[in-house]
Structure formats: structure tokens, C-alpha cells
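These notes open a run of structures that come right after.
In the two assemblies presented below, chain A is common to both, partnered first by chain B and then by chain C.
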Partner chain A sequence: MNALAPIADWFRHLNATTGINFTVFYDPFDATRFVHGLWVTIELSVVTIIASVLVGVIGAWGQGVKSAWVRGVTWSYVELFRNTPPLVQIYFFFFGLSAVLPHTHNGFGMAQPLIGGFAWASISLALYAGSFNVEIFRSGIEAIPHSMLEAAEALGYTRRQTYLNVILPLGLRICLPALTNNLVNLIKTTTLAYAIAVPELLYVSNQIWSDAENVPEMMILLFIIYIILVGILVALMHWWERSLRRPGLGT
Partner chain B sequence: MKFKAFLLSGLVAGFGAAYAAAPAHADELQDIKSKGVLVVGVKADYPPFGYLSPSGQNIGIEPDMAADIAKRLGVKVRYVNVVAANRIQFLQQGKIDLLIATMNDTPERAKIVDIIHPDYYASGYNLMVAKTVPLHSWSQVKGVPVCAIQGSFYNKEVAEKYGAELVAFTGVAEALTALHQGRCDAFLYDDTAIEGKLQDPNWSGYDMPLPSQDAQPWGMAIKQGEPAFEKFLSQTVSDWNKTGYVLQLETKYHIQHSKFAEDAHKAAK
Partner chain C sequence: MSDLPVFPKLPAALRPRARAGLSFALPRLTIWHGFGLTALLLICASVAQAANPAPLQKSIFATLVQWTPLLLRGFLLNIEISFLSMAMGTILGIALGLGLVAQTKPLRQTSWALTQFFRNAPWLALLFFMIYLLPYHMRIGGLHISLPDWLKAVVGLGLPVMANVAEIVRGGVRSIHPGQWEASESLGFTRNQQLFSIILPQAFKRMLPPWMNLYAILTTNTTLASIVGVNDVVTRAGQVLAAAGNNPGLLAPVYAYVLLLFFIYTYPVAIATRRLERRTKVRI
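Then we have the complex of A and B:
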């Protein structure tokens, strides 16, 4: 903490002389909740990115199977979650669905919902982004020339072998740019969790600027942090894209 | 000697300015009496302080106060519904003679209208909890999840001073739903607004067991430069404090006696 003292002093001085008030750098209470908010945003992003990609892979498989029933379920899921606003979905899960699920009891003996705000935000954001991922993976799969599949068949590949060794590797490479776009969007969409009081970055910033009345300063800070967070994801995805590159595939 | 002269000259200048500011021709008190009607701005959406009866009449503690003032003046009362965003403008434009509309007495407002002293009421923050929750003091709130409204100025104080775990929502309806569903054990809000909610049969299982905190005074307001009207209203509020009129109104509208009204009554007796 001592190492940070000069920084705190500088921001306190900045506030005293110019009125530019970055409380998070010198007020310990605001600093603690802001760092916690940043951590919750990172957690929420990581959990939903992994979960939504899994949902996308499973959904893309579900769209291609023989069983009409599985295809129907996948189709309904995609239509439902892709075509409704994510904020409405979060409210629906948190206030609507939660009311009919089992409850536990808290210290005062009152009924308390089993699934908390963070869990509902993760579930709902993963399903929302996942529905787009299903379509993104489908676009990758459908872009594979039919002649490739015929060639695989001619070489004696089974359906499963074709999917794992031909369709998935090629499809993934084709759809990576679109996937990156959607995951970037997902990180930005995690801010919607503030509506159900998940203490992520936008939520804590809102709390801080209500108290310190420093909306412009907090907005600038939010802006910079999201640029950095999204920048990290984009850099990782580009690195992955480059490392998967095969000469002759794509442009 | 020099300092005293300076003080005196300042005093004289101050009196002069105050005298000049008061328009010589208009006396609103006389105007109201000759018009025979007192026009009062009240709230229509803030039970039990100012709301509408099923037949559309303005009722509540503040309309009752307005009616009492009109009675003292020997005139009829007419209500105009106001909201926070337009109440001061209505007063400045002369649409209303008097404003009694849950307005906090702040130095900023005192610069543009005359706020009557003493203040007639005060509201602070408090917790709305289920009757089954044994809450006796604010210190018990430590670590307890408390629903709140994003942006309320007392959120930080309750988190820092009492250690409550605030779960803040964007609106009152969301926070109340979360309270109802058990996502928090209490709802942090204005005590006067909680009083209104508690009268709603849907919330009959809830209560406000703790003392209100950080009470901010409410003042009635008139246009600037009406010393006679101001003096009359000031005397009226002092008289209410003496007779315990505000306490009677609280009883009439089934809300707890506020510390502010009790203290004012005790001090005036």
C-alpha cells in the first residue's frame, strides 16, 4: 500500500486543484469496490466466453444430426435467444424463472432463491452469446466445399471421423473472425448484469459516481478499462487465428 | 471603532437591500384574502403525504395542512398537482401561491424561493423488512444483504457505517420484487416513501422497525419578497408545533410518529 501512496497523493492533489475527481485512486472504500468490480467483470467474461463457445459447438452439432427432434430443439433455442433482447432475458431469468424454482432459507429463516445474481447473469449471457455462436459455427461448417466431404467419404471416413477430422478443423478456421466479433460483444454485454445488481464494473462505477458525483471521470475510466479488456481478447484470438493458419485455406 | 463602523454600515446596507427587494405594491396575503382562494401545489403520487382519493380528490397530510392554512385565512383552498421537476417553476410563475410538496429545504432552493421556517417535516432513510425478521438496531445490519436503489445518496453511508451488503437495483419495482423474492432481507429507501408502501395491503407483512437516520427537513415555499405572507405561514407552523397538529395528521393517516414532529412538538410546548 505504501508504494501506492504517491499515486493516491497525486490524485488527491489533482482533485483539490482541478476538481478532476478519480476517487478510486485515493479513497480506500471506492478503490476496494472498484477492484472487486473489475474482478467480477473478468470472472463473468471468462465464464461466459467458455460456456458460450461450448454451447455453440454443441448447438452446431445439434443442427446437423439426423434426429428431427434434436434439430427442432436446437432451432427453437437459437430463435428464442438470438431474437430477444439480452436485458429482457436477464430480467426473465432473475425475476421470472427464479420465482418458480426451489428456495433455501437464510439466517433470518426467510426463503431465499437458490441461484444468485452472478449465476443467473452467467447462465443468461452464455445462452444469449451461445445462440449466436451456434449460427457462427454453422456458417463455418456450411462454407466447407461439398467436394471435401465427398472426398472424405471416398477415403472411407465415417460420419464421426469426417466431423472431427475435416468439418470441425476447417469450419473453426473459417468462422474464427466472426467468433471473435461475437466474443467481443459478449464482454461488452456483461455490463447488463448491473441491472440485477451483480457488482461488476458498470455497477460499482454507478455506485461511485452517485456518491462522488464524478460521472465523466468514471466514464473515462470505464472506457479505458473496456478497451484494454477487449484488446486482450482480440490479441489472443488473433494469435490463435495465426497459429491455426494453413496455406491455401481462405484468403 | 473602525470595525464597528464597518459592521454598522454593512447592517444598514443589508436592511436597505431587503427593503428595496420587497415590492411595495403587491402583498400576496391581501391578494389571497380578496381573491377568496388559496392555490396550493401538492403532490398527487406520494401517499400518505399527497395523493388522490378514489374519487380524484387531493388528500393526504400536505393537502390537510393546506386546508388548515386556508381555514386560518378564511378562504377556500384549491389544489394544483405538482411534481418535483415543475413545482418551483409553478411557484415562480404565480400558478400557485404556496407549495407544500415534500420538498427538502436546501440552500440552493432558498436562493430562488422563500422557504418558510420552521420546517414542517423531515424525511430520512430507513429499512423496510418483513415482520418476521427480528431487527432491533442498525448494528445488526452488518453483512446483511439489503436491497437499494442505484444512485440513492445514502447507499454509501449505510454500506460504510453499518456494513450492510447493498444490492442496488435500477428502480423501486425491481428492488421491491427482489425483497419479496428473498434476494435481500431489507429494503433501504426514504422513510416517508416506505410509510406509503406499508399502507399497501400487498406489503402488510412488512414493517419499519428501526429509527430513521439522517433526517433532512421539508419546507413549504412561497415566492420571494412576501414578508407578510411569510410571517403568517411561519406563525402557522409554530402554532402546529405547539398544538401537535402534525402528530395528529400522522395518526390520522396511520403512520408512525416521526422523531422530527415529536421533537418539534416537545420544543414548542
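Then we have the complex of A and C:
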């Protein structure tokens, strides 16, 4: 804590002299809240990124199967979630479905929903971003030259083997830039969890600026942190893209 | 060179999808998807009806029908906000996009910084920013201007649209073959003439589908305005729920109904975008 003391002092001094009030840097209570919010945002981002990619892979597979039913269900899912507001989706899950599902009772005898706010936010955000991922993976898969699939078939690969060993690795490389963009959007969309009182970054920032009345400062901090988070993701994805690159495939 | 927010391409949602050769025809999205959504609504309503311990005085369908005018009025506000933000975002975005392809370096860098800032900030955070920081009442000279919340929301939503439109413009201009620039230069066109009479008319066709896609995204994002207190369809849905006696069984059907409203409005835009994409693909 001692190492951070000069920083805290500097920001306290900044507040005293100029009125620019970054409470999170010198007030331990606000700092704890803020760090916790940042942590929740990171957690939410990681969980939804992984889940949405899984949804995308499964959905892209569902669009290519022979059964018209599975294809139809996948298409309806994609169109439904792409063309409706993510906020209303979250409300629908959190309020609507949660009310229909059974409740448990906690120690105080209060009704407690089976699935909490964080879990519903993860589920609905993963489904929302997943619907975009399905389209992204599909376009990647369709960009694979047909001769590759024929070659795999000629080598005796089953449909599943072809999908796992040929289509997925090649399609992934083709659609990585588009996937990066969607995941960036997903990180930004995690702010919607604010609406169902998940204590993520925007939510705690709102609490802090309500207490300390420092909206512009908190906002600037918020933007900077989101830009850093997005920057980390973009850097990671670019690094991954480079490490996966195969000469002769794509540009 | 690819430091933080330089994205090599337009965001996925803004890019024309499935440019590569299709190995099978796209299963055309039909009215069935609308039916699917309606079915979801019906299922939710029936499940809620069945699971409801205390029977309502009115059935859920009757309640929905009764409150439809109120919800539609809220939905109309969403549409208005989406129109105004799109108009604002497009006008500013075209200017910013032209800045992105300008020849003077300071102008290009400023536009780049602005674009990246507004593209990488969460929409909701920008909305909060505008709601809190724009004054409710302004006086410019003798002119009194009051900014109600929904107008602030228009500005807050218009800014990310602006940045995305700028990227679309840049992408469109970049997609035109450099030979076009060279050819027009050799014909003695000035830079402005090249841009406005040669490049942009060609790029326009390619910019239209991602622009429409952006509109669809914006429309769904207008619901964010409800969080900052605008009386839009989501806020009204909350009011309807309260007016109908806060019945938990009503929650799912009402929100499914709002989803349906948006689907009905956005879906034709999605279809039109896809058609246009296919058409431009053939021509170019």
C-alpha cells in the first residue's frame, strides 16, 4: 500500500487544488468498489467470450447438418437474437424466465431466484454475441475451397472428422478478424449488465459518481479502462492470428 | 503499426457477410422466423398462465392487447430516436470519414483518434456521458434551447453511429481500386473532384449495406435510452407490468412482446440489406 501512497497523495492534492476529483485513487472504499467492478467486468467478458465462441461453433455446425429441423432452429435462433435489442433480451431472461423458474429460499426465508443476475447476464450476452459468431463462423466455413472438403472425403474422413480436423481449423483462420471485432463489441456490451444490477464497472462507477458527484472524472476513467480492455483483447487476438498463420492460406 | 484500436477491417456486424463463394444457397429467411417468435410469445404466455398460482382476472393475451397502444407509442419514440441519431451520425460520420482519407496528416490523425474513441467506448457509457453532461437548458444569445432527455439520448447514440459511419466511408473509399484515383488524376481532376465525382459515387453502392446494418443495430440499441430515463418502449413495458398488478407471470410475455415488436421492424431491414449485398456483389 505504501508504494501507492504518493499516487493517492497526488490525486488528493489534485482534488484540493483543481477540484478534479478521482476518488478511486485515494479513497480506499471507492477504490475497493471500483476494483471489484473491474474484476466483475473482466469475469463477465471472459465467461461470455468463451461461451459465445462455443455457441458460435455449435451453431455453425447446426447450420451445416442435413436435418432441416436443426438448420431451421439454428436459423431462427440467429435471426431472433441478431434482430432484437440485447437489453430486452437480458430483461426477458432476468425478469421473464426467472419468474417462471422455481425459486429457492435463502437463510432469511426470502425468495431467491435459482439463477442470479450475473449468470443471466452471462447467458443472454453469450447468446446475443453467439448469434453473431454463428454468422461469422459460417462465412469462414463457406470461404473454404470446396476441393478441400472433397479431398478430406477422398481420404476417408467422416463428416465429424472433416468438421473437427479440416473445416474448423481452416475456417477459424479465415474468420479471426471478424471474430475479433465481434468480441470487442461483446466487451462493450457487457455494460448492459448494469440494467439488471450486476455490479460491473459501469454500475460501480454510477455508485461512485452518485456519492462523490464526479461524473466527468469517472466517465473519463471508464472510457480509458474500456479502451485498455479492448486493446488487450485486440492485441491477444492479433497475436493469436499471427501464430496461427499458415503460408498460402488467405492473405 | 497495429497498435491498440486499429482494426484491420470493419466490425463484423458492419461487413458485408458471406462475400466468399457460397457452396450452398443461403436458406432464405422467411416469414417462418416471425412465426417462431410469435410461437415463443404464445408458449411463454401459456406457460406463465399455467404456472400462475393466482389466476388473473384477465387472460395474458387480453392484457397484452389492452396495453398495445401504450407500448406502440413507446416504440414510436424508439423509431424517432433511431431516425434522428442515424441522421446525425451519418452527417457527422461522412465528414469524419472524409477526414480519415484526407491527405493532410493532422486532420487524418485527429479524425482517427475521434473515430477510435467513439467506436471503442461502450454505447451505454456514452449515453450516460451525454445525459449527465449536456445541460438541460441552454441559452445561446437570446435563444432558449431546452434539451429533453430523449434529445440527449439522440446525441449519445449518434456519436458511436458517427464513428461507425466514418469507418464505413473509409472502408468504401479504400475498396475502390487505386487505378481509379490514378486514372482520374491523369485526366486532370483535382483531388476534390476525384473524390466527389469519381470515387464516392462508386463507393456509395458498397457503403449502403453496412450502413443499413448499422441502422438495424442502432434501432435495437435505442432501448438503452430506457436505462437513462427516456420513456421508450422498455420503460413503458415496465409501466404496463406495474399497471397490470406486478404479476410475475406477465413478465416473460410482455418482454417477449417487445422483442417481437423490434423483430418485426428490424427484420425487413436485415432482408433488404442481404438482397442489396447480393445485388452489389453481382455487379462489381
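Quick notes on this one:
Keep this in mind: the second predicted complex is superposed on the first by the 249 of 251 C-alpha atoms of A that agree within 3 Å, B and C clash if a C-alpha of one lies under 4 Å from a C-alpha of the other, contacts with A are read in each partner's own complex, and residues count from 1 in each chain.
Operating definition for what follows: a residue touches a chain if its C-beta (ideal position, glycine included) is under 8 Å from a C-beta of that chain, and two chains touch if they have at least 3 such contacts.
This is a predicted model, so every value here is computed, not measured.
Looking at the superposed arrangement, the partner reaching more residues of chain A, out of chain B and chain C, is C. Judged by the touch definition given at the top, the superposed model places A:Phe223 against chain C, while chain B stays out of reach. Looking at the shared chain after the overlay, A:Lys188 reaches chain C, while chain B stays out of its contact range. Of the two partner chains, chain B is the only one touched by A:Phe108; chain C is not.
By the touch criterion stated above, A:Arg173 is placed in contact with neither chain B nor chain C. Once the two complexes are overlaid on the shared chain, A:Gly117 sits against chain B while remaining clear of chain C. When both complexes are overlaid on chain A, the residue A:Ala197 reaches chain B alone and has no touch with chain C. Judged by the touch definition given at the top, the superposed model places A:Phe95 against both chain B and chain C.
Within chain A, the residues touched by chain B in the first complex and by chain C in the second are 95, 99, 194-195, 206. Every residue of chain A that touches chain B in the complex is listed here, in rising order: 29, 95, 98-99, 103, 106, 108-113, 116-117, 194-197, 203, 206-207, 210-211. On the side of chain B, the complex with chain A involves touching residues 130, 132-134, 147, 150-153, 155-156, 160, 166-170, 174, 177-178, 181-183, 185.
The touching residues of chain C, counted against chain A in their complex, run 2, 4-5, 7-13, 15, 17-23, 27, 29, 32-33, 36-37, 40, 44, 47-48, 51, 116-117, 120-125, 128-129, 132-133, 216, 220-224, 226-227, 234, 237, 248-249, 251-256, 258-259, 262-263, 266-267, 270. Contacts from chain A toward chain C in the complex involve residues 71-72, 75-76, 79-80, 82-89, 91-92, 95-97, 99-100, 132, 135-136, 138-139, 142-143, 146, 177-182, 184-185, 188-192, 194-195, 202, 206, 209, 215-216, 219, 222-223, 226-227, 230-231, 234-235, 238.
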